[in-house]
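Chain IDs A, B, C, D and E follow the sequence of writing; residue 1 opens each chain.
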Amino acid sequence: MALYSYSWLILFSPLFSFVVIVFGTRMWDLLSRKSVEATATHEEKEEAEEESDIHEMKVQGPKGEDQTFLDIEDPKVPRLTPGARISAYLGIVIMALACIYSWILLLASTGVIPGFPMPAGGVPVFSYNWFTQATASYTLAFRVDNLAISMMVVVTTVSLLVQFYSQGYMERSSGYARFYAYLSLFTFSMLDITFAQNFLVIFIGWELVGLSSYLLIGFWINKRAKPDEDRLSPASASIEAFITTRIGDVGFIIGIMILFTSTGTFDFAQLATRVGTMDKALLTTAMILVFCGAIGKSAQFPLHVWLPPAMEGPTPVSALIHAATMVAAGVYMVARTFPLFAAAGPQAFEVVAWVGAFTALFAASIAMCQRDFKRVLAFSTISQLGYMFVGLGVAGSAYGPGPGMFHLFTHAFFKALLFLGAGSVLHALHHATHHEEQRMDKMGGLAAFMPITAITWLVATLSIAGFPFFAGFYSKESLIGLAFDSGHYAIWAVTLFTAGLTGFYMLRAYILAFGGKGGAWGGLWGKAELYRGEGHPHESPLTMTIPLVLLAIASVAAGYWFGIYGYLQPGASFDVGRFFADYKTWVGVVVSIAGLGVAYAIYARIEYARIHEYVESHAVLRTLHRILLNKYYMDTLYNLLIKYGVLGLSHVEQAFDMYIVDGLVNGVAQVITLFGRDLRHTETGRVQAYMIGFFGGVAVLAIVVIALVAYVK
Amino acid sequence: MIFTSDLTWILFLPVLGALAVLATPVRIARWMALLFSAATFALSLAIFIRIAVNGYNFGSLANPADSYNAPWINFNAGSFHFVVNYFLGVDGLALPMVILNALLTMLAIIGGWHKTRVKEYMALILLLETGVMGVFISLDLFLFFLFWEVELAPMFLLIGIWGNEHIKHTVFGDMPGRIYSAWKFLLYTFFGSIFMLAGILLLYFNEGGTTASMQFFLTHMPGGNVSFLGITMSLQLLIFLLIYLAFAIKIPMFPFHTWLPDAHTDAPTEVSVILAGILLKMGAYGLIRICLTLLPVGIQQFSGWLAILAVINILYGAGICLVQTDMKRLIAYSSVSHMGVVLLGVAAAAGLTGTAQLAFRTAALTGASIQMFSHGIITGLLFFCVGVIYDHAHTREIAVFGGVARVMPVLATFFTFAGLASLGLPGLAGFVAEYMTFTASFKIWAAVTAASVFTMILTASYLLWMLKRVFYGPFNLKWKLLPDATLRESLPLISLASVIVLVGIYPAFLINMLNPSLTAIMQTVTTALH
Amino acid sequence: MFQVYDLYLLGPELSLTLLALVVILVDLFIKRFIVTTIVAFVGLLLPLGILISQAASLDFSQPHRAFYGMLVVDPYAIFFGFIFLFIAFMMILMSYRYIQKYVRSGAEFYTLLLFSITGMMLMASTGELISIYISYELASIPLYVMAGLLRTGERSAEAAIKYVLLGAMSSAILLYGFALLYGLTGTTDLMGIAAAIRTGVAPGNPLLMVASVLILAGFGFKISAVPFHMWAPDIYEGSPTVSTAFFSVGSKSAGFAALIRVFIDGGLGQVNYTSLLIIFCIVAILTMTFGNIVAAVQTNVKRLMAYSSIAQAGYILTGVIASLSDKNTNGISASLFFIAVYVVTNLGAFSGIIALANATGGERLEDFRGLARRSPLVAACTALCLLSLAGIPPLAGFMSKVFIFTAVWNQGLGWLVVIALLNTVVSLVYYGNIVRSMYFDAPPKPDYFRPSPTIATSITVATAGLLVLFFGAQLLLAVADPSAGSLLAFLIGK
Amino acid sequence: MDLATLLFWIVAVILVGSALLVVGLNNIVHSALALVVVFAMAAGIYLLANAEFIAIVQILIYAGAVTILILFALMLTRTVNIQTNSNPINKYWWLGVIISALVGATILFAVTVSPHFVTPASSALGYSAHNSTCPLPPNNVVYIGNLLYSPTCYSYVLPFEIASVVLLVAIIGAIVIGREEE
Amino acid sequence: MLTLNHFLVLGAVLFCIGLYGAIVKRNAIAVLMGIEIMLNAVNITLVGFSLFNTAKPYSTYLTGQIFAIFIITVAAAEAAVALAMVISIYRKRSTVDVTDFDMMKW
C-alpha cells in the first residue's frame, strides 16, 4: 500500500522540476544576465545570440507603411549558462527517478515484484477538498490503479527519453531552461490526468495539457509562417492547437456537467455506481459529449486540424505530444471512463468506434500525399489514434479498455521513436543546410549519413505498419480482429484498408527520407548521392541516438505484454494462441504488407521526380493529389468559417454596440441638448416676453386649477 | 466612539492619506500615499488574520464577524422616520472585496508613481478607495447608497484628467476621449443609482420606514403585489428591478455595458485596474448582498431573464473582443464577458424555489463570488500589463506590435500568464470560479449554461490571438529599443500573479471564507421562497 | 397690547436696520471702504447675538407673537434668521474685493444688503398678509438697486430695469392674490385665514384656488419657479456677481420662507388639497425640468447658475408639496434643510465665481478652463460646492436631496421623486461641466492667482460647511424639524 | 338704480375709458395725462366705497406725486419724436389681449362664484389677536389712524414701521441709481 | 344697488387693461403706467372688499383700506426707484424702449 500511496511523488516531481526551473535556476540566470548586460559592451551583446538564424523580412504595415520584421527561427546562444544546464539535468534526473518509480509500480502491480497486490479500486494518493455541500462536492482527488500505472509508465518513460534527447536537439538554444520547464510542466499535466480520480482533476489536467502544448508548440516565439510550405508560424500553430482542443473541451465539460448535475459527483468510482439511476438517453448524450473532449485532444475528425500545425514546435515536443501525452489523453480518458460508456447506451461506443474508424481512414489517406516529413507522422498519429478509439469502441465490457490501451502502449514507443528519429534527421539537416528543412523532396538517401537513425526508424515503420512480430502487429491486428468479432464488419473493413494505407505511407516516408532508387537493399538503404538537399548531414550525437535505440527495442518488445488486457480489466485476457490461429490476423498482415509493397514498388524503384511528374500529368491523380495534399480543404473551410462566420458575427456585435446601444444613449443626450437649445430661446431677453410668460403661466394655471377644483376638489 | 472600530479606520485611513498627500510636497507625497494605502491593506489583512485565527468563522450578514453600529442620523417626525446608521460590518462575502480593494489601490499607487499632477492623482485614488470600501462594508442601505455615490467624483476626475487625449468621439464635437468617457461613466452610473435610491426608498417605507439596516430586511421581506402602469408585479420584483438597474449598469450587464469599453480605453492604466478590478465588483456585490439576500422573491421571478442576460453577456462580450483593435478595449469587453459568469451564478442561486438543488445553487453562488475576486485580480493584472506596454510604446494598438516578447520577455511572461488566467486555466484563479459556476449552474439553467460554456473557446481565441499579435510571431524591428518592464512596474505584476496562483491552487481559503455568508444567504433565500 | 417686550422680539430686524443706517453714516464720514466693511461685518454680530439670545432664551412651546400677531417669533423664523444672517456675513466676506473692483457705491451696497436682509428676515417672521407684503417689498427694492450697481455696465442697468419692471408686476399679482384671500376670509391674519378656510370654505371653492395660484405666482417669482422664472437668467447674468450671489440665495430662501409660511400657516391646502397638490406638482416638475435642461446648454456660468437655482427651487418645491396636506412636518423639515444647504453651497460656488472674476474678470465657462492649475484652492472648493449641488456625497447636497426625496416618497409621491431623480442626472451634466472645465482642460494662461483673504475665507467656510452639514446632518435636522413643527403647530392643533 | 350706482357707473366708465386711453394712445404725454384721469376717477370710486381717506391719499400721492414723477421722467428721457409715436406697442399685442383676458376672466369667474367673508367659527381660531375691545371710532380717518398707530388697540404698526424703512430704502436706492458715475 | 361685484368687476377689468398696457407698450414709462393701473385695480378690489366686509370684528373692518394705503405707499416708492432706473438706463443707452433691452438673453 505504502508503495502505491507514495506515488504522488511521481505526480509532483515534474511540477517540482518546473517550479525549481522557473523560480530557481531560470531566475538566477535572468538576474545574473541582467548584471552582465549592464556592463557588457555593444559587441558583447551582439554575441549573445547567433545571428545566423535571424532573417529580416519587409512587410506592408496596416496603414501601408513599410515595416521590417525579424524572423528568428531558433535563437542560439554561444554557450549555455550553468543555470540552463542545471535545469536540464534537474529535469532529467527527477524524471528518471519518477520513471524508475513508475516501472517499479508496474512490476509490483503485475506481480513481477511480489507482495504488492493492487487493491481493487486502486489506492487514493492525495486529495484536497474545495467545497462540499450536501450533494455537490468539489474535490481534487488523485488515485493510482492499474490503468493509471500503465499510462504512467508510458508517460514517464517517453518524457524521460525526450528530455534526454533534447539535450542534443536543443543544444545552445537560448530558451534551453525554458524548454525544460515546459517539458516538466507537460509531463506533470499528463500525470495529473493519469492520476485523476474524478472529472474535476482530469479536466484540470486536460487544460494544463492544452497550456503545455500551447507553450511548447509556440516555443520559437519569433519564427515566421511559411505559406509556401503550408506551414503556420509556431505562434499561430500553438493558438490553433489550444483553441481547437478547447472546442472539444466544451463538449467535454458539458458532458461533465450533465453527469455532475445528475449524480452530484465528479468521482469516477461514485459515478459508475450512480449512473445506473440516470436516464439512459441522457447518459448516452453525456458520454458522447465527454467523448468530444477526446475528439479534441486526440485530434479526431473533425477537430484533427490542430495536430499537423503543431509540428511547428521543436521535434521532441512533437514526440511527446504524439506519443505519450496530449493525444493519448483522449484515449486514456475514454479508457478511464470505460465503465460509464459501458453503462450508457450502445450508441456511445458506436460513436467512439465510428469516429475512430473514419478518422483512421481519413488521416491515413491524407498522409499518403504529404511532402513534409513531420506532417506524415502527424497524420499517421491521427490515424493511429483512430485505431485506439476503434479498439475502445468495439471492445465491449468483456475486453474492457485493454485493446485500445494496448495500442496506445505500443504506439507510444514506436511513435516516439518515429518523431525522435525525424528530429534527428531535421537536426542533421539543420546543421547541414543552416536552415530549417522538413520537406522530404530535399532529403533522400539519408541512411548513408545517419545509419542509427535510419535503422531505428525502419523498425518503427514496420512496427506501425503491423509487420509481424513487431509491437504494432499485436496491438493493431488484435483490435482489427476485435472489430470483426464484435460484429462491426464495416469498421473492420475500414480499419483493414487503413492498415494497408499505413504501410504505404510509412514506407513511402522512410524511403523518401532515407532510401531511394538505387540504394542498397533494393533502395531501402540510401546512398550519399541520393541526397537531394544541400550540405553534408551527419549522424546526431549520442544524447539523441541512445533514446532512439532504446525506443527501437521497446517498439518491438512492448507488443509482448499480453497480460495487459487482464491487467486493466480483471477477467479479460489476450489469447495469444487464438490470435495466431485466427485467419483475420493474417488477412491484416497481408493487407499491411501489400501497402508496404506498393510503397516499395513505387518509391524504391522509381525516382522521386518522375513519380511527381506522372501524378501531375494525370488528371484524376492530380486532382486526388491536390485534395489529399490540401487535407480535403478542411483548413480552408475552417478559415472561411472563422473569417466570415465568427468574426463576421463579432463585427455585427461591434456595430450593434456602436450604432444601436451607443446610438441610443448618445441620441438621448443629443435630444436633451437639442431640447435645451430650443428651450433656452424662450428667453428672448425682452422683458415683455417674460411678462407674457409670467401671466400666461398664471392664466394657464388658473384655468387648470378651476377645472381641477370643479372635478377633483 | 466610532474610532475604536477597525472598520472605521479601514474606511478613513485613505481619507487621511489623501489629506496627507495634499499637504506634503511631491517627493514625500508619493510615499505618504503608499504608506497609507499599505496601512489600509495591512489593516484589511489584519482583520482577515484576526478572524482566521479565531476559528475561521467569517460570519454572515445577520452575524458578521466584525461589525460596528452607531446611530448617525435619526430623524423622526410623526410617522416619518429617516434613520441612517453608521453600520459597518464585514462578513465572508465582503472581506475578500475589502482586501481586493486595498490591494489593488496600493498597487495602483505603485503603478502611478510617475504620473503628472501626482499629488492630486494619489489623493483621488485614495478617496476612491474610501468610497468603494464603504460600499463593501456598509450594512445600512442608505449608507450603502451614500458610498455608492461617493466613488463617482474621484473616478470622473481620474478618467477625465489623466485619461487619453485621443479624439475619437465625434458625436459631441471634438471631445477628447477622456472627457467623453468620463462623462459616460458618470452619467451611466448616476443614472443607475437614482433607481437604486428609488428602490431603497420603496423597500424602506414598505417595511415600516424605521430602519434601513440590511439585517432588518433579512427578517422583514416585502410581500404582495403592486400595479404599475397597468402591469401587476410582485412588490419585491419591482424593488429588485429598481435596485438592480444600478448594479446592472455597474456590472455591467448587456445592454448597459457600453460605458465600460470607453471608460477603460480612455482611463489611465491604474484607474482601469481599479475600475475593472473593484468598481465592477460593487455591482456584483450589491447583486448578491442586496438583491439576492434581501429580495429573494423578486430575483427569483427575474432569474430566468437574469440567466439569459448572463449568457448574452458572456457570449456577446467574448464575441466582440475578437474584433477589437485596442488592447484595453479588448480587456474591457472581456470583463463584460467574465462578469456574465457572476450573473449566471447568481441567476442559478436564485433560480429555484425552496430547498430544491440547494447544494448546486450554493455552489453556483460560491463560484460567482470567487469569480468576483478572481476577475478582480486577473483583470487587474491584465491592465497593469497593458499599462506597462503603453507607457513604453505609447500605443495600445494591437496591430502595430509583433513579436515584442523578444525585447520584453518579462512583460510577455506576465501578460501571457494573465491571459491564461483570464481564459480559465486550471491552477489559476479564473478556473476555480468558472468551473464551479458552470458545473453548478447547469443544474438550474441547463441550456443557458451549456451555451455559456462556449465562451471557453471565444475567450481563449481573443486572448491568445491578441497575445500572439503583440508578443509572438516575427519581431517588428520598430520596437527594437523597447525596454522591458522595470522593477517598479513589475511589482504589481508579481504581486497579482502570486495571488492568482494562490487562489488557483488553494481556493479553499477563499471558499471557506465565503461559505458561512453564502450558506446563510441561501438559507434566507430558501426560507423566503418556501 | 403693544409691549416693550415686542421690541426684543423684533430685535434682530431692528438692529439690522440700525446697522444699515450706521454703515451709511460711517461711509459718509470715513471714506475708507475697509472701515465700512469692518463696521458692517462686526455690526452683524449684534443682530446675531440677539437672535442667539432669542433662540436660547425663548420657550418655544408656544410661538411668540408681537404687534398683534403680525410678528411671529417661532423656531421657523429663527431658523431663517440664522440663514439670512449667515448670508449677510458671507456676502460681506465675498463682496469686499469685488466691490472695490467693479461696484460703485460700495457702502450703499452694504446698506442695501442689510436692508434687504432685514426685509427677508421679516418675510420669514411675519404672520399677516400686509406685513408680508411690505417685508416683501423691503426685501425686493434693494435687490432692484443692487442689480444695477455694476460700475461699467449697460448690462447691469438693463438687468436692473428688467428686474424692477418684472418685480413690480409680480408684486401686483401677489397683491391681487392677497386681496382675493382677504376677500374670501375677511382677514389678513394667517391664523385667521387658516381658521376661516378650515371652517368656512367648502371644497371646490375656486376663489381660494385662484388666489393660491396668484400667490404662488407672486412668490414663484421670488423663488424663480417656472413659468415665473424668466427674469432670473438675465438678471443673474447682468448684475454684479456679488448681487447675483445674493439673489440666488437670499431672494430664494426669503421667497420660500414666505411661501411656506403663507401656504402652511395660512392653511391654503386644507381644502381642495388635490388640486393644489397638482398645481404645485406641475410647477415643481416644470421648474426642475426646465431649469436643468436649459442649464445644460449654457456657456455663461452666472446664467448657468441661474438655471441651476431654478432647478434647485424645483427640488425644494417637492419638499413643500410633501407638507401641503398640512399634517406633517417632514416635507418642510426637508425643505428647510435643503434651503440651508443650498444657501451654503451656492454661496460657496459663487465665492469661486467671484474669486475668478476678481482675478480675471471672466465668468464664461471657458474662463474656468484649467482653474485647478491656476488656483487649486478655489477650484477644489468650487468643485466641491458644485458637486454638492449635484448631490454627490460626501457633501451636504447629497444629504439634502436624499432627505427631501425620502420625505416626498413618504407622502406617496414616488413618481415625483423619480422625476426629480431623473432631473438630477441632467443636473450632473452642467455642474460636472464646470468641474470638467476646471480640471480637465488646459488653462488659457499658465499663471497662478491667489484669492483675496476674504474670498478664501468665505469659500473655505462654505466648503467646510458642506462637510460639516454632511457629517452633522443630524444636528441641522434636529433644528429643522422643530422649526417646521412650529409652523404646523396651529394646524395640527397643539 | 340708486344714485350711488349711477355715480359708480359714470365714474367707472370714465375710469375704464381713460385707462384704455393710457394704453391706447400713441403719444406718451397724452397717456400720462389720461393716467391722471384714471387716478382721479379711482379716487372717485374710493369715495363711493366710503373710503374718504384713501381717496384723498390717492389724489395726493398718485394724481400728484406719481404723475409728476412720471412726467419728470418723460421729460428726462425725451426721445426724438415725442409728438407722433412716442408710445408704440410691440408685436405681442395680440398675445397681450389674450392673456389679459384670460387672467381677468379666471379671476372674475373665481371671485364671482365664490362666497366672500366666510366667517371662522370662533373656536377654530386658536389665536386671539383680533379680540381687542376698542370702541368704534367716529369716522373713517380716525379709525384708520387708530388702525395704523394705536398702541392699545389692534393696529398695523409693524407694517407701518416697515413701510417707513421701505421709503428710506427707496430714497437711498433712487439716489444710488440716479447718481452720476464717479 | 351697489354690490361687491361692481367693484370686483371694475377691479378685474382695470387690472386687465393695466396688464395689457404693461405687456404691449414699448416705452418703459408706459409699462410702469400699466403697472400703476394694475395696482390701482388691486386697490379698488380691496376697498370694495372692505366696504362689504360682513365679518366685521373691530380689527378687520377696515383692513382692506389699510392694505390699500400701504399699497399706495409702496407703489409710490417702487415707482420712484423704477423711474430712477429708467433715467439711468436712458443715460447709458439713449432709449427707453424695453424691446431694445435684450443684451442678455438665451
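The definition used in the following text is that a contact is a pair of C-beta atoms (placed from the backbone, for glycine too) under 8 Å apart; a residue touches a chain by one contact, two chains touch by 3 or more.
Everything numeric in this text was worked out from a predicted model, so none of it was measured.
Path length between chain A and chain E in the touching-chain graph (shortest route): 1.
The set of chains touching chain C and also touching chain E is given as A, D.
Of all the chains shown, the one with its CA centroid nearest the global CA centroid is B.
Farthest from chain B, judged by the mean position of CA atoms in each chain, is D.
Compared with chain E, the chain whose C-alpha mean position is the greatest distance off is A.
By count of C-beta pairs in contact, A-B exceeds the other of the chain pairs A-B and A-C. Measuring from the averaged C-alpha position of chain B to that of chain E gives a distance of 64 Å. Between the Cα centres of chain B and chain C there is a gap of 42 Å. Annotation: 101 Å between the Cα-based centres of chain A and chain D. Chain D and chain E have Cα centroids separated by 6 Å. The set of chain B residues that touch two or more partner chains comprises 187.
In chain C, 68, 130, 133-134, 137, 141, 144-145, 148, 160-162, 165, 169, 176, 180, 183, 186-187, 192, 205-206, 209-210, 214, 233-234 are the positions where the chain touches two or more neighbouring chains simultaneously.
Among the residues of chain D, those in touch with two or more other chains are 90, 92, 95-96, 99-100, 103, 106-107, 109-111, 116-117, 119, 129-130, 132, 154, 156, 159, 163, 166, 169-170, 173, 177. Those chain pairs judged to touch are A-B, A-C, A-D, A-E, B-C, C-D, C-E, D-E.
The part of chain A that touches chain E in the complex is made up of residues 680-681, 683-688, 691-692, 695. Considering their complex, residues 1-2, 4-5, 8, 12, 15-16, 19-20, 22-23, 28, 31-32, 35, 38-39, 42, 45-46, 48-51, 53-54, 57-58, 61-62, 65-66, 69-70, 72-74, 76-77, 79, 86-90, 92-93, 95-97, 99-101, 103-104, 107-108, 111-112, 116-117, 119, 129-134, 136, 140, 143-144, 147-148, 153-154, 156, 159-160, 163, 166-167, 169-171, 173-174, 177-178 of chain D touch chain E. In the complex of the two chains, the chain C residues touching chain E come out as 68, 129-130, 133-134, 137, 141, 144-145, 148, 154-155, 157-162, 164-165, 167-169, 171-172, 175-176, 178-180, 182-183, 186-188, 192, 233-234, 237-238, 303. Residues of chain A that touch chain C in their complex: 672-673, 675-677, 679-680, 682-683, 685, 687, 689-691, 693-698, 701-702, 704-706, 708-710, 712-713. Residues 161-162, 165-166, 169-170, 173, 203-206, 209-210, 212-214, 216-217, 221, 226-228, 230-231, 233-234, 271-276, 278-279, 282-283, 290, 293-298, 426 of chain C touch chain A in their complex.
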